[in-house]
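Listed below are the structures to be examined.
Shared between the two complexes below is chain A, which has chain B as its partner in the first and chain C in the second.
Right, the complex of A and B next:
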């Protein structure tokens, strides 16, 4: 046998043979990706460095059985900072691909299609940043119809499709239209006058606050401010904004990530587009555009969002915007 | 430095640039240009009366820009020689310094650059290093957050002769920071900037931390590191003592620093690898240990001295293990960080070694060189016949050949290193290389291809890399087919295209030309000379009707034994796949044209005899 050639194909080799996997062995465990990653805010066990380590040590079974391998949403915050130039999200995708081939399934929530309501218009497929939705032909009520189907391995449950669907036929668990409405109204927030203080509704994405202090500050805002956390600013359906304004909210602030830092690749751009359209509509019908605001927070911007909300409240108080 | 300035045999020429270097080992002619100081060196006594009256204040380079300096200044307090200089870009010509200088009358605005040629025996390059600018690493916020500073800035703040008189204060508010963090490997061990480890940052960071802790025992000090590298004598013990002093070491490379705009404090985010969890650490000041990088003018200096750079950008040594102090050009020696990042003891050791290497030359009347130098047959050189040529001079990596139309080319033996590039490139076969003459190589070629040449893989190997690679394949037991026949020359530059034609004429089944990877070439640019030739040759051989798989060019380092074996295996495999009858036909078909190409070989001295002997 030749020394230079390997005959046994290990798990590590298999991952390295996948597109994006080739630089795996460069990793020297500096942990830059781990601390850059925002997923450990919601899932403290998630550690991309450790997953790469497990692959390098050929721990096939343990890797696939680790529920955290499905978490990476390819936001690529880590990759530009990796001193070894490892495309971590592509590596994670390579691991997922092999896992899917071996019959493993993502335990994470995904989008769900209500096939009864769906008209097969295909807007969702175009909106999805992951290509997780595709139209398939199905027989429903004896009729052959085209409806979208979710690829569970690709869907990251960002809810961009749900916001895009004109028929509310697609939704993501925990962030359905009903649940978001319930969060806005909880404690009869819309009905109470709050002593005449102008009410501010904030739709905040789950990933734009890196600092612990900022996350704490968001929980301690005055009662006339309501923060509704959505997975992504792309989840915000313009109808949420309109119905809130109708119900007497003085201003709605939608906060997403800086473009290029979006946890779901395109969500913040999609939200930006939607809010822009909303502003155009407001201008056409003569409504005050300053009542709907959109902001993109960079991952290094400590303290910006809480300060911005307090400034908005102060501005509304001084301007005495008449409550509709 | 003061000792050097006082030494009767040492002349210090400060503020002077090397413009040109001619000649060779022991006999260099060096053109230097002394820049105008606008201060008369003989009259100025360094009293310093001029500087305080100067109204101009600009950032002081020596103080890392933290403190100002005047337009008339000395670089730093210990400067040798202690003579002032006027920065004419900043000067407004108010002439207050002239008044202050008074009777000494040392200031002279009429000074011009002065050039002079010097006779020099040997040259030492001790140009040092630059510091990496961390502002390009956006996530650390240097230049954006005032309290993120470099280790060099800390050195100045911490220095009792520095701008704060040794009182440590942070830039944003001048307060003493009690909670500080050091970040290691900023711009080094990072493929985005510099792949290498600077080697001495670990030690100076530990030193800074210890100093801080000794003067401020309550200070909360953290060092973020990937690996602590303390390989020299006594270093690890120092590191251990530092840990015992209560300085916190966190293994983990910070990914991002955010700033609280109200307090100016910094929040460092990193994974504590030992803990396996992300932490956010608040610090009042962050100090970045930046990479040591090659001096900005390394390229210009290298072309003046005719010395090359390694892939990391520092000057390349002659041999990394056996001649680490010598440069590729004889008589030029490297010391300190100009050759690669190193700490003080290593710089001192290399400096002393370089000085003694250089002194050998100064004390010798004669100098022994390698005997494999190039030699011109004056009667064959067309330059001697008044025709314009000079190809040999353009291919020489050492500028060892001078060509003057009307005279034969002249090889300065002392500068020649024996790569053989000129020999292979000369279109009139007017140059030869001693011990690697055309006759000798052709004799070997004939011997190697004497029996069943169509079944052989003929491999031309360069002495330093691919021959080493073949050797490595042997010592590492990487097997390759016995059909390989090796022919060693000094450099791929020596592999004359006529040798390849001759090999195919003799019916060689396969021909491999192999040499160093471009950055490893032992003869600075020899590999490039060869590579250029083989690129053209590949096309020519195809035009001749030789199947493309029969000729291969590979760059194989001395460590790549496995690659060498692999290449030979592949070539042997490819040869076996060719139908023997078809191969025979191809050899016969191409022979007349090949014969035409090498028809002038027997004109070269000794070659005819070699061919004669080969027939026997």
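Right, the complex of A and C next:
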């Protein structure tokens, strides 16, 4: 009987029975969520309205086979705007959970743990905004050890764990310490003097630019400014900042999202804590505090970043921060 | 080391508290084994030697010099250079020599501030004439000389090249003996290695329970009665364990104090304070007020770089800025 009941249950009912899925039926496909969502910048096919509609139309197989169902990072930018008050992130999570049980895997990159380097300190588990890392007991080289394991269905590859790991035992594809360092150095940027102009390194959250205009304005920045895109401002390890300053950069600016609008929930708060403490330490050792800057940019002010960068350049010039 | 002759060892203290010399004595009965295997040619803290004894030695006469203490005065620098000349192997022994340690925190101030504070302002000081030590002073009997008090504190490795480093404030006795045994047995690893410690972080060996609790508030150890079985960091007490090299045996943790970081950064970490900051801010509770958390870290440099400031990128940045100005 139970089996029969399962087969007759529609996909819609299945999703609604899953924790987080209960409000599915409230959706009347207005598409406000799509207009708020930042994901279509990187994945134009991602369309939460369409996915929810597919669920309601019982398109079970097609939904699971749609590679975009894994993209929602629960930033909840859409939530306050949904006229029906649906937490779409939770609905998407409900769909993901069922997909995982059905044996589907997220095609998105995830964090990779180097078990050799790992000490099992558990910092990553606490750092992950998605609960995607959890310690498991494994036998490694004949020893029983606790090491984190990535839950691929939950990991959004924000890289917060990679920055948090004290032993650099976690990497996220494309945003490893080495790759970020290479992006900073590309074209011998650190070595070249820029005609007396102070060099400014910007770590920009990948969700900070929205319109094509924003991107175009960033491309027009002068050569003494280098913009390194990171998945999230929470990926920025203060070591990156200090290494850049030591290499002769006049100032480092880290740009994250406004709290509450962070694409990876906690990243911008983590970056804020790090950068503001770094600022306090600069004050304590007597270093010029204009050399470490942190800004949080709301969705409405995305275009302001280039102007903020140029303001910092001007400030550095008037403060006579030494130029390498 | 030549098998037929005894090993020649020197132990010196520069700007240090003497704890590292005590740490050598703490190997207890193994001192007799050390004496059997080695001749101690120079150890001012324990035996009567003069600098002229060292000056009279041929170059590279000493097999191994355990140099403890940071470089803070011209005398420290002079003896570091002298011992470097006379030793085949120089070991930065203990946190001061390795990374500057507590004396390195004096880099937060300059020479003038320190001398004024010590010789004029401290409540226990009576100095009505405001006498401040100077390298040269004229007195009726002639002129007196004192070593110059530098404006900075540096680990010995920044003043002369060293082959190895032994972390710890002070290095724990079991590790001191392990290092000495390695030296006696002639089984030293490739130059540049950190001796007498692990490679990963302290959490690797810590037995306190970690249950994934995030930090709502940072507190200082004296502000709370901490659960003796739970991870300090999960209780909001900043513990340097995540960014500190393992190997000390956790004496602080065992007496209810968080790790303060004296074993320096783990293998591969350039800057202990930055890495610790990166870790502790990543584990904050989503509901907590970030600005309050930032303010709750009283004395961030002293907390995050308690032992490693003089060897940090933060310090290098500061020195580079000063140089350019």
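What we mean here is this: the second predicted complex is superposed on the first by the 315 of 324 C-alpha atoms of A that agree within 3 Å, B and C clash if a C-alpha of one lies under 4 Å from a C-alpha of the other, contacts with A are read in each partner's own complex, and residues count from 1 in each chain.
The rule is short, and it goes like this: a contact is a pair of C-beta atoms (placed from the backbone, for glycine too) under 8 Å apart; a residue touches a chain by one contact, two chains touch by 3 or more.
In this text, all values refer to a predicted model and were calculated from it rather than measured experimentally.
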Inset, instruction - Classify the contacts of A:290 with the two partner chains as first (chain B alone), second (chain C alone), both, or neither. - result: neither
Legend entry - Which of chain B and chain C A:299 touches, first, second, both or neither: first
Inset, instruction - Considering only touches as defined above, state whether A:112 meets chain B (first), chain C (second), both or neither. - result: neither
Legend entry - Comparison of chain B and chain C by chain A residues contacted: C
Inset, instruction - Give one of first, second, both or neither to describe whether A:22 is in contact with chain B, with chain C, with both, or with none. - result: neither
Inset, instruction - Check whether A:126 is in contact with chain B, with chain C, with both or with neither, and answer first, second, both or neither. - result: second
Inset, instruction - Determine, under the contact definition given at the top, whether A:277 touches first (chain B), second (chain C), both, or neither. - result: second
Inset, instruction - Give one of first, second, both or neither to describe whether A:36 is in contact with chain B, with chain C, with both, or with none. - result: first
Legend entry - Contacts of A:265 with chain B and chain C, given as first, second, both or neither: second
Inset, instruction - Starting from the residues of chain A touching chain B, keep only those that also touch chain C in the other complex, and list them. - result: none
Legend entry - Residues on chain A engaged by chain B in the complex (per definition of touch): 2-4, 26, 28-37, 40, 44, 47, 49-50, 78, 81, 83-85, 210-213, 299-303
Legend entry - Residue ranges of chain A in contact with chain C within the complex: 117, 119-123, 125-127, 129, 160-161, 163-168, 234, 237-239, 241-243, 245-246, 248, 259, 265-266, 269-270, 272-274, 276-278, 280-281, 284-288, 321-322
Legend entry - chain A-touching residues of chain C, taken from the complex the two chains share: 107-108, 200-201, 203-204, 210, 212-214, 231, 234, 241-243, 246, 266, 268-271, 273-279, 281-284, 286, 290-291, 293-294, 297, 299-301, 304-305, 312-318, 320-321, 324-325
Inset, instruction - Note which residues of chain B are touching chain A in the complex, please. - result: 139, 141, 185, 189-192, 226-227, 251-262, 267, 269-273, 276-280, 476-479, 562, 565-566
